[in-house]
Every structure is written in structure tokens, then in C-alpha cells.
Amino acid sequence: MSLFDSADPGAVAGPATFTVAELAERIKQVLGDAFGDELWVEGEIRNLSRARSGHMYFDLVEPDPSNGAGKQPEASISVALFRFNRERVEDTLRRHGGMAMEDGMKVRIQGKLDFWPPGGRLQIYMSGIDPNFTLGELEAERLRLLEKLRDEGLLAKNQAVPFPVAPLSIGLVTSQGSAAHHDFHNELENSGLAWDVVLADTPVQGVDAPPLIAAAIAAVGRAGVDVIAVVRGGGARTDLVAFDSEVVARAVADAPVPVVTGVGHEIDRTIIDEVAHEAQKTPTAAAVFIVGAARAHLEATELAWEAIAEWAQRIANDADRRLATVSQTTARAAEGHLHRASSRLEGRAGRVRDLAETRTRSETRKVDDCAGTMRHRALSAIAEGRRTLEQKKSGVAGQAMRTPRAAAKELANLESRVRLLDPRKILARGWSITRHSGKVVRDPAALAAGDELVTTVAEGELHSTVSERQ
Amino acid sequence: MSTQEIGYADALSELQQILGELEAEDIDIDVLAVKVERAAELIRVCRGRINDAEVRVKEIVAGMDSEEGESSE
Amino acid sequence: MSTQEIGYADALSELQQILGELEAEDIDIDVLAVKVERAAELIRVCRGRINDAEVRVKEIVAGMDSEEGESSE
Amino acid sequence: MSTQEIGYADALSELQQILGELEAEDIDIDVLAVKVERAAELIRVCRGRINDAEVRVKEIVAGMDSEEGESSE
Amino acid sequence: MSTQEIGYADALSELQQILGELEAEDIDIDVLAVKVERAAELIRVCRGRINDAEVRVKEIVAGMDSEEGESSE
Amino acid sequence: MSTQEIGYADALSELQQILGELEAEDIDIDVLAVKVERAAELIRVCRGRINDAEVRVKEIVAGMDSEEGESSE
Amino acid sequence: MSTQEIGYADALSELQQILGELEAEDIDIDVLAVKVERAAELIRVCRGRINDAEVRVKEIVAGMDSEEGESSE
């Protein structure tokens, strides 16, 4: 279908010529034919304005994919929300997470596309809104961003910055004069501590807010504060959308000092809370936290001092006690030594005495033994001499008696032999000796008859003459 | 480090260190008073730093910085 | 070393050494009195040092407490 | 060495040596009295030294205690 | 050697020798009495020496003990 | 040698010799009595010497014992 | 030699000699008687000597014993 395919019948050949009103009427008609009474469009709210009449106007744009703030959108269409629809729409949004329409918000809206002839503008007359779209879009955006930050390691980056010992110098990023600012300031003042606040005033909502917040964070970071507090009071969920933005999240992650957040109400949690060193729920809570940290260190300091004073006293006392102990030990050791030396010495004295007495006793015994032995041996020698002498005497006596007896026996033997040879013994047995001329006659042949013979017999001699020789 | 220049954190850290030294049994008595004196000085510094009830506020024009940031981009 | 110049730590160390010697069995009696006398002198020195340190610490602590009292009022 | 000049340790050592000699069986009885006399003299010396040391130590200890009493008061 | 001059040890040694001679089987009876007489003299000498030593030792010891009593009082 | 002068040892030796002669078979009967008589004389001499020695030894020993008794009293 | 003067040993020797002659076969009977006679005389002499010796010995021995008894009493 074309805007121009049903030409006016009264028109001459060639392109028809409309009056502006006719054209406007024709456009409205074509639009009505093409889109009907209702359509749904999704896009991002820009240039939202609320008229005194109660109507609301904004542009619904298709942002440039490069997502540069302030860049020309890829497509844009004007939206008008009249008062009678606006109340309903706002009510719907309020009921869904306390949202309110604002710049930068992504919406899916219902309405009629129409041409406004007086302005010569094509616009959508908004009649309704899909709150779930906005919520989902926000959530999806949030999740995407979280994922991205996590991938880059930015979620834990600020948490890795050590929390200062005494965060007395605070870089406060907030909207100056806001309730959040007052709450935060009051809390600091009430603490009674010496705070040095470097205030960076910045809008905290709206489409331009994120880069400004990010710049403020960077600026106080450069100012050399101990800690950065980013605070904003509560509002509609969509009011806090700036704190879900990537540029703010990156500024927090890159901050050189810890960032404490206190954004929104109790239930609100934004991306910045995920990136910050410490996420407190409200500005007051953030101040309380910082005060608490400073006070904790103040207390730690005082405690350290008290402990030092106490320890110093204790050390002196201990040293004193130890010294008293050393003194006692010294005295005891010295006395012990003297006592031991004395008893050792007396032991030795006793030993000298005992040994001397033992020695004289043992020598006495030795000499007495000698005397006893001497007597015994002398008497033994005398007895031995006696015994020897007696043996000799017996030997002499025995031998002396034996000799005459042996001699007598030998003599008797000789005598008996002599006796056997005595001629008188032969004659006594009847034998005789015959002699002739004094010679013993042994052979008759030596004799002649008549020879004179003398025969000796035992009892005398016989004289005879040889008568015959045979 | 002179107490004129010392930061609160350094002061606290030095205090803690002194405490640690005192807690170690073998501190020299001659050093004790010196240490306690230094601790007293540190605590005086810390108290001075923290106990001034007035909140001093310095303002920063973030916008200027951001503009400056943009111009330098 | 003269007891005039000796530090507490050195005095205590020497004292411990003397004590060790006294606790050893074989100390010469002639040396004993000398050692005990030296120990007594060292104890006197140490006691003086402790008292000095204690007085000093008490002064410092009293001073700090009064300052704290003033500042917290 | 004259007993006037002899040290406690030397006296004790000599005494110990004499004891060793007395314990050996073969000491000449003629030498015994001489040795015992020397031992007696050494014992007298040692006793004198111990007594002197005791008196001295008691004085010193009494001095230490009185000082302690004063300082802890 | 005259018994006037003989030492205890020598006397005891000679006595032992005489005792050994007396033990021999074939001692001359004529020599026996001489030997016994000599032995008796030596024994007398030894006894005298022992008595002298004992008396001396007792004196010395009594002296030592009385001193101990005094010193421990 | 006259028996007046002869020593105990010589007497005993001569006696032994006579005994040897008596034990030989062929002693002259005429000499026998002379020998025996000489032996008897020698025995008498020896006996006298032994008796003398015994008396002397007993005297000496008695003397020693009395001395011992005195000294041990 | 007269038998009055002849010694026992000579007598015994002559007797042995006579006995040797007698026991030779060819002695004259007349000589025999003379020799036997001489032998008988010699035997008598010897016997007398033996008896004398025996008596003397017995006396001496008896004397020895009696002396012994006396001395041992």
C-alpha cells in the first residue's frame, strides 16, 4: 500500500495536488488504515516534560547502538500522554515496583499512532504501558552489566582497596542540599569527630546523571580523600537507574579509595552496591558506617594506649618481681654454696680423722700380727730343731745298736765255718790220723811192712807196726 | 618519622607495634619509658586528628571536572 | 664495666650470668662473695632503672589521662 | 705454699690430694701425722674462708633485702 | 742401721724379711734368738712410731673438732 | 773342734755325717762307740742350744707381750 | 801280733784270711789245727770287742735318752 495509490478522482493526470489540510486528513486516514487504533511500541524515553496542564510529552527513541550519551538516536517518535491517561499509567507503574516514567527509561507503550496536523507531527497518543517490560528490561540490563563487570574483574576491584584506618577525609558524591546530603552530614556532625568532607555536587537522576556521577567520583578520588561516599535518597525504582549505569559502576570500581554507597531505601540494591567497597542501604547508614570505622580505630587507638600503659606498668612490676626473685635466688644460691662447702669441708675433716685413725689402727694390727707371727715361727723353729735332733738321736741309737749285732752275727758265721774245719771234730767222730815218721800216711804203697806207725784217735795215740802190705 | 608528619594509620600502626614490643616479655626497662613516651605522643597526635568536632567541607565542582574530562577526551 | 654506665639489659644479662655461675656447683668460695657483691650492685642498678621507668611511665600516663579527660569534656 | 697465701680452691684441692694419699694404704706412718697436720691447717684455712664469705654474703643480702623493702614501700 | 735412726717403713720391711727368714725350715737355732731379738726391737720401734703418730693425730683432730665447734656456733 | 765352741749348725752337720757313717755297713766296731759317743755329745750340745734359744725367745716374746699390753692400755 | 793289741778290724781281717787258707784243700792237718786255734782266738777277741762296743753303745744311748727326758721335763 502506498500513501499515494488512491489518487483524488478530481485530480488531473500526474501527481495530485492536496491542500495541507487534505494531506493531513489523508495521512491520518492512511495511518488509521495501516496501524488501526491501537499499537505497541517499545523504546527509550527522552526529553520527558510535564506540562502545567497535566499532560506529559516525551520522545520514544531507538538509541544509537553505540550507546553514546547525547548522540543522535537512530529513530525517534513523539509521544503525548494526556492527563486522563497519565494518571492510570502512573498508577500502573507505581504499583509495579514504584516506578515512574523518566528519561532513559525503557518502556513498551500502548497508544494510537496519529498525525497532529497543527504541529505537522507524527506522534503516538499513549494510552497504556507494559510495566513488566520496563522491569524486565531493567533487570536484563542489570544482569548484563553485572556479567560484564564480573568478567572484567571490576566487581571486587574496589573491595580490594584497603579500608583506611581513620577515614576522616570523605569525598561525598551527592546532590548538594538533598535530604541524603543532610542526613549524611548530620550523622558526621553528631559523631563529634573531626571530618574533612570534600563535596562533589552532582545530579543523581536523569539521563545525564550517570556521566556526572562518574565524573564526581573520579574528581573526589583525585582530591586525595580517605574514602568516597556516594549517597542518594530513596525514590522510584527508576529514579535509581543512574546507579545501575555502567559508567558509574566503572567509576566506582576504578576509585583509588574505598567507596561506600548509601543509595535509595532499605530494599534498593543497585549495580553500584555490587561494585562498591561497602554497600549501605541509606545515606545515614553510610555515614554511620564511616563514623563507626573511624570510631573503631579511635577506640583501637585508645585501647592500644591503655594496653601500652598497662603493659608498661606490668613490665615494671614484673621486672621488679623478677629482680626480687633474682635477689632471693642469689642469696639462696650463695648460702647453699656456703652450706655445701662447709658440709663438704667437714666431711673431709671427718674423713681425715677417720683415715688417720684407721691407718694407725691397721698399722698397729699389722705390727701385732708381725709379733704374733714372729713368736709362732720362732717357737716352731725351736720345735722343728727338737724334732730334727730327736730324729738324729733315734737314727744314731738305731744304727749304733744294729752294728754290734751285725758284727756278732758275721762273727758267729765265721766261727761256725772255723769249727767245721777243726780236726778234733773229725777224730771225735771215730776218724783217725796215721803218721809214719811224722808224715801222714795217705797211700799204703808208700809203706813197707814193719814200718812204725803212730795213729792218732780222739782220745789219744796208738803205736803200731805194718805187718803186711796188700 | 616525626609526629608532625605522621598519618593516623601510621600512628596506630606504630602504636600497635609498640604494644607488640611491650607484650614481648624481654623489653629493656631502659627502653620502656622511651616507648611509652612515644606512644603518648602518637596517641596525642591521633586524638588531635580525630577529636575536632567541626566538619570542614570543601566543595568540588564536579561539572568542571567532567567538562575538563570531556575536553581532554 | 662500671655500674654507672651499664644499661639495664646488660645489667640483667650479667646478673643472669652470675646467677648461672652461683647455681653451678663448683664456684670458688673466694669468688663467691665477690660475685654476690657484684650481683647486689647490679640488682641495685636494675631497681633504680625500674623505679625511674615506673615513675616516668606514671607521669606520662597521668598526663595523657588528664588530656583525654579535657578533650572528652 | 704458705697457708697465708693459699686460695680456697687450692687449699681444697691440696686437701683432696692429702685425702687421696691417706686413702692409699701405703702411707708411711712417719708421714701420717705430718699429712694430718697439713690437712688440719688446710681445713682451718677453708673454714676461715667460708666464714668470711658467709659473713660478707649475709651483710650483702641484708643490704639487698632492706633496699627491696624501701623500694617496694 | 741403729733402731734410733730407722724409719717406720724400713723397720716394717726388715721385720717382714726377718719373718720370712724365720719361716725357712733350716734356720740356724743360734741365729734364731738373734733374729727374734732384732724383730722384737723392730716391733718396739714400730709400735713407738704408731703411738707417736696416734697421739699427734688425736691432738690435731681434737684441735680441728674444737675449732669446728667454735665456727659453727 | 771342741764342743764348747761348735755352732749348732756345725754340730747338726757333724751329727748328720756320723749318722751317715753309722748307716754305712762297714763301720769298725772299735770306732762305733767313739762315734756314738761323739753323736751323743753333739746331740747334747744341740739340745742345749735349742733350750737356750727357747728360753731367750720366750723371754723376748714375754717382754713384747707385756709392752703390747702396756701400749694398748 | 798279740791278740791283746790287735784291733777288731785287723782281727776280723786275719780271721777271714785264716778261713780262706783252711778252706784250701791242701792244707796240712797239723797246720790246720794251729790255724783253727788262731781263728778261735781271733773270734774270741772279736766277740769281746763286740760285746764291749755293745755295752758302751747301750750306755751312751741310755744316757742320751735320760738327758732327753730330763730336758723335756
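We call the chains A, B, C, D, E, F and G, going by the order they appear; numbering starts again at 1 in every chain.
Basically, contacts are C-beta pairs under 8 Å (C-beta built on N, C-alpha and C of every residue); 3 or more make two chains touch, one makes a residue touch a chain.
In this text the structure is predicted, and so the values were computed from the model without any measurement.
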item	value
Equivalent interface positions on subunit D and subunit E, same or different at half	different
Inter-chain centre distance, subunit C versus subunit E - centres from mean C-alpha coordinates, in Å	66
Mean-CA-position distance for subunit F and subunit E (Å)	33
Distance between the centres, which are taken as Cα means, of subunit F and subunit A, whole angstrom	107
Numbers and ranges of subunit E residues touching at least 2 other chains	8, 29, 32, 36, 40, 43, 46-47, 50, 53, 57, 61, 64, 68
Per-residue multi-chain contacts in subunit A, two or more chains	302, 305, 309, 312, 316, 319-320, 327, 330-331, 334, 338, 341, 349, 352, 356, 360, 363-364, 371, 374, 378, 382, 385, 393, 396, 400, 403-404, 407
Chain-to-chain touches, reported pairwise for every pair that qualifies	A-B, A-C, A-D, A-E, A-F, A-G, B-C, C-D, D-E, E-F, F-G
Parts of subunit D lying in touch with subunit C, wherever the complex brings them together	7-9, 46, 49-50, 52-53, 56-57, 60-61, 63-64, 67-68, 71
In the complex, subunit A residues that touch subunit G	390, 393, 396-397, 400-401, 403-405, 407-408, 410-411, 414-415, 417-418, 421-424, 433, 440
Sites on subunit C touched by subunit A in the complex	15-16, 18-19, 22-23, 25, 27, 29, 32, 35-36, 39-40, 43, 46-47, 50, 53-54, 57-58, 60-61, 64, 68
Subunit C-touching residues of subunit A, taken from the complex the two chains share	302, 305, 309, 312-313, 316, 319-320, 323, 326-327, 329-331, 333-334, 337-338, 340-341
Residues of subunit F defined as touching subunit G within the complex	28-30, 32-33, 36-37, 40, 43-44, 47, 51
